[in-house]
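Each chain gets a letter, A, B, C and D, in the order it is written, and its residues are counted from 1.
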Amino acid sequence: MCITSSRQLKQVRKEFLDGDARFEKKVMICCGTGCLANGAQEIVDEFDSILRKKRIKGFTIEAVRSTGCHGFCEQGPLVIIEPRGTFYTKVKVKDVADIIEKSIRSDEVIDKHLYTDPATKQKIERYPDVAFFSHQQRIALRNLGKIAPHNIKDYIANGGYQSLAKVLTTMTPDDVITEVSKSGLRGRGGGGFSAGRKWRSCADVESDTHYVICNGDEGDPGAFMDRSIMEGDPHSVLEGLAIAAYAVGAKEGFVYVRDEYPLAVVHMQKAIEDCRKEGLLGENIFETNFCFDVHIARGAGAFVCGESSALMKSVAGEVGEPRAKYVRSVVKGLHDQPTVLNNVETFANIPIIFEKGADWYAGIGTKKSTGTKVFSLVGKVRNTGLIEVPMGITLRQIIFDIGGGIIDDRPFKAVQTGGPSGGCLPESKLDLPVDFDSLTENGSMMGSGGMIVMDDRTCMVDVAKYFTDFLVKESCGKCVPCREGLYQLHKLLVKISEGRGEESDIDRMEQLSEVIVNASLCGLGQSGPNPLLSTLKYFRDEYTAHIRDKRCPAGVCRELITYNITDECTGCMACISACAYHAITGQKKKVHVIDQEKCTKCGACVAACRFNTIDVR
Amino acid sequence: MVTLTINGKLVRAREGEMLLDAIRREGIEIPATCQHEAVEPYGACRLCTVEITKADWGGWKNHVTSCLYPVQEGLIVSTHSEDVIRIRKTILDLFLARCPNAELIQNMAAEYGITRTSYEEVPDGNDCILCGLCTRVCDKMGFQAISTVGRGHGKEVAPPLGEAPPDCVGCLACAQICPTNYIKFTDDGTTRTIWGREFELVKCETTGQPTITKEFAAYLVKHRNIPEDYFTRCDSAHREELAKTMGRITHWGRQEEA
Amino acid sequence: MKQTFDKIPDIIAKHPQNAGSLIMILQDIQKEYNYLPPEALTQTAAALDVPLSKVCSVSTFYNSFSLKPRGRKIVRVCVGTACHIRGSNLIQQQLESTLNLKAGETSKDLEYTLEAVACVGACAMAPVVIINDKYHGSLKVNKAAKLLEKK
Amino acid sequence: MNYRFVVKPELCIGCRTCELACSFAHSVNGKPGRSRIYPLGTGHKELWVPVVCLQCEDPACARSCLVDAITRNPETGAMDLDAERCVRCMACVAACPFGCSLHDANHQMVVKCDLCGGDPVCAHFCPTKALVLEPIVQQKKKKSA
């Protein structure tokens, strides 16, 4: 059957909701990558097998939904029981029977599965009351955790494809672009370029063929929002892509998905096929002249393909080497045709802009950075996961209110944003409102939204070395400043981290960085020295400690540290068995000793010690 | 035509022309290792970087590679500003760390006052500067026999699978275009070897002089519509033949006249 | 026993026969055989009418392709930023010494391949090790080697 | 205006002045270049032919050039070889049926006659006027204006 009108969409919605009304309760099981890794699928299967044997009034397996990522991966697997919103964390297969018995058959809340607020030590029953969720405003993630991503009807029941219907039947392409411009939406992929302006420049190029591409390559280490959206709500991305296609006059679109995200590929593929079946992709969509189809292109692992010209080469099956961009890809992109390229999160925002209006969207966030932004809040923060917050919120609110502060209450040192092109911001910047411009002004950037929190045990020289190493490996190798410059920058950082640094090395790194920034061909090289420059800017003393004192204050750089067991050692011998190099000796209930000759500083003893008596410095 | 300023001098250039061409026409020398007229500009070596600005840019400057930056009306270009020199020196310094023995790089670096790299020399460096001229010219000629393998710092130019390249015809364009003479070949007048593949040379039926490889000749016959028998003689034999033919005709003419 | 690669033509045939399919065909062949044998490259080049040199270039440019046979168990240590901050380098070192392999190497008996990959998008459960597509999150250094014992 | 060489063997005395003139006219850094013109004996008594590029209508040299380095000069009608663009694959040297694309081993470049931009020195110096540059009269082309 083909859906050809807004009325039919409403019909599908009604049928779906009527079907759902049979159930007194619904169970949402998070099947994002994090929860799946912790056994979410087994929990779904357990529900299935129990419900096969047992009949419960007003509840069948159809009321159990495998949904996309809720974001709170730290606490997974997550099970939510609607309509109350009862929020169970760290659920195990053996708990399922109990949950069915108590919380579904009757209304009992099982205390032990509830989330405990780390600050107040209070058990919290409903998820909207959990601090991690209550400070968020979910727009791009609006359907994640609410709908079954592989069911197009669930998406439609939540208002899906109404925006596309509205756009196609009541608006001209020009109106669409004006609306997107009015919303102030800026690209969520990194640069923060105005989406409306990008679409306008592409639409303005006269050509028989235009393309739209959704970038789901997500190369930034430490970010996984695009993965979660593609896995958990693929239709909102497709709907956004279709609206963009209509606006710029494209008949063909591509979703470029990382092949390392198998579930994202499967859900995207399923969503595309379902859309074709329902007539939401293909010829004369909603009985208009608009024809549009989408194909999947799978990325094969190259960070540089986040660069638009490299990505387009990759879509065409070539090596992802960027080309110099004096001609922009909106003019000459894929197959040399005008192309709009936006990332997953950007497209996911589009349908709701048309549902609620550009003014509504522009009212969220700050004046120049409207709307919300999804961040992957990870690192040494207590509540790790995926969050969405209005632009302009402070780093402190994100890290301490939503993230619950630093693990083990250690001191906060820095937060890294923007991936390998971004930088590290110190404690003094915690009250910085987060938006595109403020981050850039302070030596970091928004990037795709990775937010990696670091504590006093994170060495900033090591962080700079890590990112530079990453970029050396990911450089396409075409231009010299990037290929050779970053390589030498990494060599200098290795030298410093191994205690061979000289005072002049800092100047050398700064000078080399300046050339790499100014002379590289594409964004990868031009922003490559950022992690180094921002750590030098805010944590210069750490570099000096490595160079002058041959000391790594955070206890990370292996050549500069030693492991020692303190007098508080209880003599439990756990470290002795953990040490694969037989470097630790000692007797029961006596303080153990590490043989520095044998110690490889592998960290196994620290992980094994339950009394925190191994001192690394 | 557009008018721009290069090092303080007003210059006129053709619309669509690249900055480097306009600069060189003025007799200004700037290095460029990845640029060759036979192939499209590439922008890899970045040595031809220049500084550009415009009167209405409010003092803002930008650095662009002149080999692929089209000339623009009102552009103000400095080819040897302090920043540009620093960029060029650094790039040459970096090059020297990778290719310490490449004569071209040594000479270029020396011109900028560098005799030894200030960086750590790259282990197993060689003379390849990864300018991509060889692969690009091979693509341009239509053989696409060699290409880069790997990426980043470990990238290199190689025949596919490291074996004798099936699509190579032994034309030697890659070796001829290589600015550092890194691509090696041998040619003893009978056989030519390049990229680990042997090619038999066509020999002149008259003089026995070798010309091009059999594969290359066959390609030109097939794809460029050159008659096969053109390749049976070397250039000097062709000339002799032409002289004889013309001589014969003239001779007949003389006889008829007489 | 010499391995035959007779499924390659079928895999190629499933895709549109143009250059745009190159990467996806190679991915699918690698999924079947765990690596890209030379036959994969030559046959794909011939079928898509893409020069062999370009196929080689593509197959060595992208990280996820391997031109060498890989082990039955592929152990991938995530070394993304979040994992790095939480000590993935120690885990990598631990696995390297246990398997007696460096990242990127395969054991001689083709049992294990150890790979260090930059971010698998499971940052919230850092540090992560993936063994044949099964994710193991929030790993402790002293527990990493134990993962290998489980069959 | 396009030109062509008219070679008159009956006037050629084999003095080789043309060859010398060409060689010097094409010096690079003071070193004489390889001459693009060859006065050759014909086997007939006292009959010489100055062999020089005929600037063919559909020349094999240009057809064989895979980097488009040999193109027709609209001013002179000569097939000009762009030395900057040439990659020295020797295809044209092998393909020219008259042997008029030449390899200049001294200067490591491929050369051919370009009519000296419309005023060839060889013709200039030929004492017997055996070489004459004549305008080509366009016969078939109709003027559009």
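Following the convention adopted for this analysis, a contact is a pair of C-beta atoms (placed from the backbone, for glycine too) under 8 Å apart; a residue touches a chain by one contact, two chains touch by 3 or more.
As the structure is a prediction and not an experimental result, all values here were calculated from the model.
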Handout entry: Which of A-B and A-C has more C-beta contact pairs
Key = A-C
Fill in the blank from the handout: Between the Cα centroids of chain A and chain C the separation in whole angstrom comes to 22
Problem - Distance from the mean Cα position of chain D to that of chain A, given in whole angstrom - result: 67
Handout entry: Between chain C and chain D, centroid-to-centroid distance (C-alpha), Å
Key = 60
Fill in the blank from the handout: Rounded to the nearest Å, the gap separating the Cα centres of chain A and chain B is 45
Completion exercise
Contacts with two or more other chains occur in chain A at residues 302, 319, 473-474, 476
Problem - Residues of chain B touching at least two other chains - result: 148, 150-151
Handout entry: Overlap residues in chain D, where contacts from two or more other chains coincide
Key = none
Handout entry: Pairs of chains in contact (touch as defined earlier), listed by label
Key = A-B, A-C, B-C, B-D
Problem - chain A contact footprint on chain C (complex, rising order) - result: 18-24, 26-27, 50, 54, 57-58, 61-65, 79-82, 84-87, 90, 93-94, 97-98, 117-126, 128, 133-137, 140-143, 145
Practice task
Quick one: which bits of chain A touch chain B in the complex? Just the residue numbers, please.
Solution key: 302, 319, 323-324, 326, 472-481, 483-485, 487-488, 491, 508, 511-512, 514-515, 518-521
Exercise for the section: Flag every residue of chain B that touches chain A in the complex, lowest number first. Expected result: 41-47, 49, 63-65, 68-70, 83, 86-87, 90-91, 94-95, 97-98, 118-120, 122, 129-130, 132, 148, 150-155
Handout entry: Residues of chain C defined as touching chain B within the complex
Key = 38, 41, 51-57, 60-61
Handout entry: Residue numbers on chain B that touch chain D, as the complex places them
Key = 36-39, 137, 140-142, 171-173, 176-177, 202, 211-212, 216-217, 220, 224-227, 230-231, 233-244, 246-248, 250-251, 253-254
